[in-house]
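This is the structure I want to talk about, given as structure tokens.
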Amino acid sequence: MPKIAIVQAGTVLYDKVATLEKVKKYVVEASENGAELVLFPEAFIGGYPKWNNFGITMGTRTPEGRKEFKRYFENAIEEHGEESKSIESLASQKNIHIVIGVVEREASTLYCSVFFYSPEGYLGKHRKLLPTALERCVWGQGDGSTMPVFNTSVGKIGSAICWENYMPLYRMTLYNKEVQIYLAPTVDDRDVWLSTMRTIALEGRCFVVSACQYLKSSAYPSDHLLRKEHGDDTVLIRGGSCAVDPLGTVLVEPDFTQETIRYTEFDLSDIALGKMDLDVVGHYSRPDVFQLTVNENQMSTVTNKKE
Amino acid sequence: MPKIAIVQAGTVLYDKVATLEKVKKYVVEASENGAELVLFPEAFIGGYPKWNNFGITMGTRTPEGRKEFKRYFENAIEEHGEESKSIESLASQKNIHIVIGVVEREASTLYCSVFFYSPEGYLGKHRKLLPTALERCVWGQGDGSTMPVFNTSVGKIGSAICWENYMPLYRMTLYNKEVQIYLAPTVDDRDVWLSTMRTIALEGRCFVVSACQYLKSSAYPSDHLLRKEHGDDTVLIRGGSCAVDPLGTVLVEPDFTQETIRYTEFDLSDIALGKMDLDVVGHYSRPDVFQLTVNENQMSTVTNKKE
Amino acid sequence: MPKIAIVQAGTVLYDKVATLEKVKKYVVEASENGAELVLFPEAFIGGYPKWNNFGITMGTRTPEGRKEFKRYFENAIEEHGEESKSIESLASQKNIHIVIGVVEREASTLYCSVFFYSPEGYLGKHRKLLPTALERCVWGQGDGSTMPVFNTSVGKIGSAICWENYMPLYRMTLYNKEVQIYLAPTVDDRDVWLSTMRTIALEGRCFVVSACQYLKSSAYPSDHLLRKEHGDDTVLIRGGSCAVDPLGTVLVEPDFTQETIRYTEFDLSDIALGKMDLDVVGHYSRPDVFQLTVNENQMSTVTNKKE
Amino acid sequence: MPKIAIVQAGTVLYDKVATLEKVKKYVVEASENGAELVLFPEAFIGGYPKWNNFGITMGTRTPEGRKEFKRYFENAIEEHGEESKSIESLASQKNIHIVIGVVEREASTLYCSVFFYSPEGYLGKHRKLLPTALERCVWGQGDGSTMPVFNTSVGKIGSAICWENYMPLYRMTLYNKEVQIYLAPTVDDRDVWLSTMRTIALEGRCFVVSACQYLKSSAYPSDHLLRKEHGDDTVLIRGGSCAVDPLGTVLVEPDFTQETIRYTEFDLSDIALGKMDLDVVGHYSRPDVFQLTVNENQMSTVTNKKE
Amino acid sequence: MPKIAIVQAGTVLYDKVATLEKVKKYVVEASENGAELVLFPEAFIGGYPKWNNFGITMGTRTPEGRKEFKRYFENAIEEHGEESKSIESLASQKNIHIVIGVVEREASTLYCSVFFYSPEGYLGKHRKLLPTALERCVWGQGDGSTMPVFNTSVGKIGSAICWENYMPLYRMTLYNKEVQIYLAPTVDDRDVWLSTMRTIALEGRCFVVSACQYLKSSAYPSDHLLRKEHGDDTVLIRGGSCAVDPLGTVLVEPDFTQETIRYTEFDLSDIALGKMDLDVVGHYSRPDVFQLTVNENQMSTVTNKKE
Amino acid sequence: MPKIAIVQAGTVLYDKVATLEKVKKYVVEASENGAELVLFPEAFIGGYPKWNNFGITMGTRTPEGRKEFKRYFENAIEEHGEESKSIESLASQKNIHIVIGVVEREASTLYCSVFFYSPEGYLGKHRKLLPTALERCVWGQGDGSTMPVFNTSVGKIGSAICWENYMPLYRMTLYNKEVQIYLAPTVDDRDVWLSTMRTIALEGRCFVVSACQYLKSSAYPSDHLLRKEHGDDTVLIRGGSCAVDPLGTVLVEPDFTQETIRYTEFDLSDIALGKMDLDVVGHYSRPDVFQLTVNENQMSTVTNKKE
């Protein structure tokens, strides 16, 4: 019966130090409440600067927008950088799994990633395969080499970020890796999100846990235009974190009113109840009709060879 | 702005003549109300004998069960049989498209199919690819040769029957054929069905229309054991037909209380509103990571070759 | 000595009929002045709605933005659609080659394409491989199957659209196909564009011809917000079309002041003058050190197979 | 904010002792002015005997030309030779990075190389991959084993010599190694050079610093024919050293009038401003279409094996 | 006893029509004299513009030099071009093998090639692997894909052009292909050339036949600077064609005085006399000590893949 | 400007003591004449018993032949034996380099070797890799472990014995070790030998010095059958020693008339004159096409392993 904590909170935008403090606070709280895994929303470190447009319109990027991007760039973290190491330590000290959405920096491109940590150390990452809309102007694309499902003491965990949840072929890939706890960090706070989470739980016959940010305009630095314009109390992302069981039953109902931490507990062996009549990578598949080939190679435009 | 009629009704079980009368009645009504297409539920002709088990348990089939199957078999229809021709005439007379769930008989196997008719004639069919649970004891499997999307005057239409809606690769196939009006005849009357329909609409950026049977125990012949046991007023399938637009907005809310015909109207060009930020077979796909190959050949175990 | 006309003009936004009239006008003028090829800027048909953002900020798309996108979508053209056929006729009637930037619609995704026409008919297209910044929210990505160089009576022509000109590997691909007249339709009106065009001419030892839009706010419909805000006379894209010879000499200097049509004439055999000391796919390459493999297959997430 | 000194000066031809004095003078001056790195032009040690042809015409080499080549050969330096060690000391004493174009001798072949020194010692070298025109008669070709980017306290530095700057695949290799300060020692003094430097800065989103020789005919020994013919004051290479930022802005404008040392200072973190909308090895690449393989092995016709 | 004609003559520079007439004249004469194979010198078609430097000195190419290169470029021929076809016809009509040095044009690079024709048609080509000195400024490098030895009715023939004869590894490659008649078209007219030809005959135990141009300044067009300077009668290349048997005996002594055609006849079975005590790819080799690996792949910097 | 003495003399056959006296005499003479290196012919110690056949015919060896071989065997020397030590002393005393052909004995096999001595001591040896013809019946084969080039105060010296000079891959190995003075002790007294020496000098761009024996029948013991048969004055090996510079110019012309000592002096830095346009292991090589791997391991049939 794994107990999972779902953090519904927001980044301190452009301030990764303060954000890391927030990470720490929630991990400690989750740990004290007996959780074995804590899930943070998409881009929790690095942030999701909602309503911002980085000065981008068709055909133009303003110098101010570029400067804001630089600020954003500098608040991203690296896979093996010091921020990542501090989360690794935290997972170890508190004996907990941490799965957290981050803005990852590699070379000069940013990625929307999820970093996975167990008490034994850093496990690996998933990079969002397809940023949505304006995200395409600030984040690059992940590839097939970062689509892991980790077999942990909590269960088999994998993740799909925000609208990746609408990519049927990526979901099939996770189902095929036998994901048991499907983690969906997001910033999508529409009502319909719960429908999607229920449908995925039903389709994949897995537990689905989704953590959404709760972000207010005060998350922007005090000198930021959007904060000046909207004051401190405008809700930019209203939450809606939830959890669903493999038969579509809602375990944690969305709360659209506050920053909060929620808990859910379930029995992984219940998955068998659902797989009995639907198993899209097993008895409910048609390999004679549909063949999905997944390229898991790391893609790099340039390859250096040296023997 | 196509207007679509959704028939939420039930078969007269084991009486295809009476059922055909019912088809006629609803087609006429839909036509009079200006509908250009009328959708009937899954297995409307032939029927979905809910709660029946055809005397099948692990390792045994009773003689009574076999007899009931024979009755069921005889009430199925053939693709080019007289019942199909009469529906073809009806579509022509009433100048309407008819999409209807049928139990199809070919040789000695039954299939759960959807037949498509336009005012110009019979268009073709889709056969359910994977029957669910006990259905597997009475229906065979379709193959990749019957997964059409028809470009009609109403729009591009295709269909997924009941839990085929949980087959991500089949849905991808329909999206890839540019389905605009995704028709989902079903007998699934759970609350969560609407969640699934909304998710598919969002994922496929198409209009989703689902027709579910409304079936009472009186649908069984008066001599049938189940009718005797449950009386005439037990609701076997409670409906829940619905329609959703490409952004997930519910156009027709489920009604779980009665046999009824519902109408919905929409503007296909609104699909562009949704495809703007999600097109899972276009700008929101990753052909470099995921390659889905679909076998559309007709599959036959025995092939005679003569040169 | 091919004579080439360079159209520096702008789309009538959201009005493809009026835009086609403009195409016709310039083709006729170019033809009368003896041009054998006329080049239009990027997205000339379909348009480049500069300063517009389709209501997109991080995490949101407004309903108004979606509606504007729909309007944009409807003003795109199809490869074999009627608008394309009318341009084909024009090329034939006026005995001229037409190379024109268009917003192309296939299924539900838009692409920023260049269509090529000779007096003998439609030749084919190039689709932009990587939209820039906000373009990524409205245009999909082309693939390796549309990177043609056509051997015409005017010379060997290929094209790179706007910032594709900053993709070294795409340029190498064009050079390797022996492009002689490198056509660069664009909306980039920075001063530095000329530097880039000169560098490409020098690097590829080819003639480079670039056509940039000249677009004023009056190009927007009179009811459009941006027009209301900026009046009729704000210059959105200021031109800067140019032509350069294989040694980097500027043949047509940029004009940033007006809508205009410019002409340039040159002798293709002069390419040999430049290739003498630089041929990046011939004597000035190092195949033992650098190997570029180009995938020219059409990429599709879903492939239907039917024998 | 690294400060970089750009030496625009010329070799004392055929006199490496005097040339080394000149190196020392400029390094000292640069160091006193607070520079952290000083860049010298192509072939600064060893020299670029402009207008000389070593007695080479099609099919002949004159004895005088051979003798001049021998003189040239003797004024080349070796990677670990005494001249290189003296520069290494200088870098250490003055606590400065030195990047300098040299004519390198290995066995019996000369190479046009760049040697890199940090205050901590010799870092390594880059050998020109493709000599241009007559250079092919006096210099051999480098291979893939000497294409370094060094991560120094000044930033990540790499170099491309003269027309290597027109090799798209070599540039891609440097970008892929995350070059931040792209050093371009050259003897190309055409006006158009600045265009090329700006384009590379834009394409690679890096700082580009180019040092060109300023060479007068008096650089030749007093008994040299070219000096007799042209007197002492003919300008053979007129400079044009420059520096450009990642958005193409010119930081140091070319000076074509004199021997001089120029300085530029910049903030490497500004690279993020440019990478935001163009990163040709990251989010602005198409690894599914273009695959560049780079052979970094040292190439040798003969390999001795001894265990 | 094959009889071989050796043409010692010169190109009509920059006039490929007149040069082809000369080819025809010598082929006819050789045929009438009973030769089965006629060998022309290096670059006979296209020409070897001796003493010319195409305006190239260190760091400069003059516009006049470029124009001359263009003229040179235009007088080169293509592998399957009309000039090649006319030679093919000639070989067929006169029932003779023709092996001829040509300047070959592919795309924008020139190569110094040898084309081989039998009475049955075009056989293939060899491209010079390493141009010498100034040639590197006008010709590209061949690769391992054009190092043929053809088994003809005359014997096994292969060729090495000019200083390729000083490439031990290329010679080994020809010996290993069992060359019997080693053809050495050249423009090297030094006394020492005969020594080299004898040494190769001895080393390879093959017949060596070398054809050198005999070129006078009158070969340049009358308006050419070199002709004006040197008059009509300066000897630019003085011949020295020769033939040697496998034991080093000179069969045809060099004639340095005139344009001429020489004949030699020999018995291929004499090769065995020489191989008895030296066979550098057989009993006189040490495969345990020396391993030569030859890459015969066609090298191309860019490879397009399309299935 | 090293001065080199070339001894053209013959062995006192089957009398190594007398032969060593002869060695001493020539070393002293050379030293007195200022030579820094003295080169003796092939097999000078041990001898080259010309016209002798050791009683060997196909299938038989006579007892007399065996006895003669024993005599030959006993007159061979060992690498570190007393004869070698006495030559070492001589080199030291006379402050000269000695390079001398010897018949070397190791265990029960003879080798045709060259021993190298500097004033500082014994340097090492080269063993002939491939004996020619009947030599194969008396000498074994060297391997890749004895192919040295020594960097001495005279220059970089290596050697190839007799027909090893026709082994292209061995020559490549010496060139690759940067041989400057290529020493060719031989017994080949054909006219054509000079051609070969000139070709090697040209190919390797090195100085070539060849010492050939001058041997009369009187060299055999007075009781020897061959001496009885031919008298004392028959010339068995007629000399032909020579020296050539890197451009093929003959520095010492062959003298076929007498035993003699010749001298040559040259300037090693002139090698650069020749390498300018040909360097077969540098700028004139094609490592992408030809890869020569040289096994320098000592080869032994039996290897004892003890850990």
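Each chain carries a letter (A, B, C, D, E and F) given by its place in the written order, and its residues are counted from 1.
Definition applied: a residue touches a chain if its C-beta (ideal position, glycine included) is under 8 Å from a C-beta of that chain, and two chains touch if they have at least 3 such contacts.
Values in this document were obtained by computation on a predicted structure and should not be read as measured data.
Engineer: Applying the touch definition from the top, give me the chains sitting in contact with each of subunit B and subunit C.
Structural biologist: A, D
Engineer: Any chains in contact with both subunit B and subunit E?
Structural biologist: Chains in contact with subunit B as well as subunit E: C, D.
Engineer: Is it true that over half of the residue numbers where subunit E touches subunit F are used by both copies, so same, or is it different?
Structural biologist: Looking at both copies, the contact residues mostly coincide.
Engineer: Report the chain whose CA-based centre is farthest from the CA-based centre of subunit A.
Structural biologist: In terms of C-alpha centroids, the chain at the greatest distance from subunit A is F.
Engineer: Distance between subunit B and subunit D based on Cα centroids, please, to the nearest Å.
Structural biologist: Subunit B and subunit D have C-alpha centres separated by 72 Å.
Engineer: State, to the nearest whole Å, the distance from the C-alpha centre of subunit D to the C-alpha centre of subunit E.
Structural biologist: 38
Engineer: Can you compute the centre-to-centre distance for subunit A and subunit F, using the mean CA position of each chain? Integer Å is fine.
Structural biologist: 77
Engineer: Averaged over CA atoms, how far is the centre of subunit C from the centre of subunit E? Could you give it in whole Å?
Structural biologist: Inter-chain centre distance comes to 47 Å.
Engineer: Listing for subunit C: what residues touch at least two other chains?
Structural biologist: Where subunit C meets two or more other chains at a single residue, that happens at 61, 133, 137-138, 141, 143-144, 169, 172-173, 277, 280, 285-288, 290-295, 299, 301.
Engineer: According to the definition of touch, which chains form touching pairs?
Structural biologist: Every pair of chains meeting the touch criterion: A-B, A-C, A-D, B-C, B-D, C-D, C-E, C-F, D-E, D-F, E-F.
Engineer: For subunit C, which residues count as touching subunit D in their complex?
Structural biologist: 129-130, 132-133, 141, 143-144, 163, 166-173, 190, 192, 194-196, 198-200, 202-203, 248, 277-278, 280, 284-286, 288-295, 299
Engineer: Would you mind writing out the residues of subunit F in touch with subunit C in their complex?
Structural biologist: Per the stated touch rule, the residues are 287-288.
Engineer: Taking the touch rule as given, give the residues of subunit E at its contact with subunit D in the complex, in rising order.
Structural biologist: Within the complex, subunit E touches subunit D at residues 48-54, 56-61, 133-138, 169, 187, 236-237, 301.
Engineer: Which stretch or stretches of subunit A touch subunit D in the complex?
Structural biologist: 54, 61, 66-67, 69-70, 73-74, 106-109, 137-141, 143, 299-307
Engineer: What does subunit D use to touch subunit A in their complex?
Structural biologist: 144-145, 172-173, 176, 178, 205, 269-277, 279-283, 285-288, 290-297
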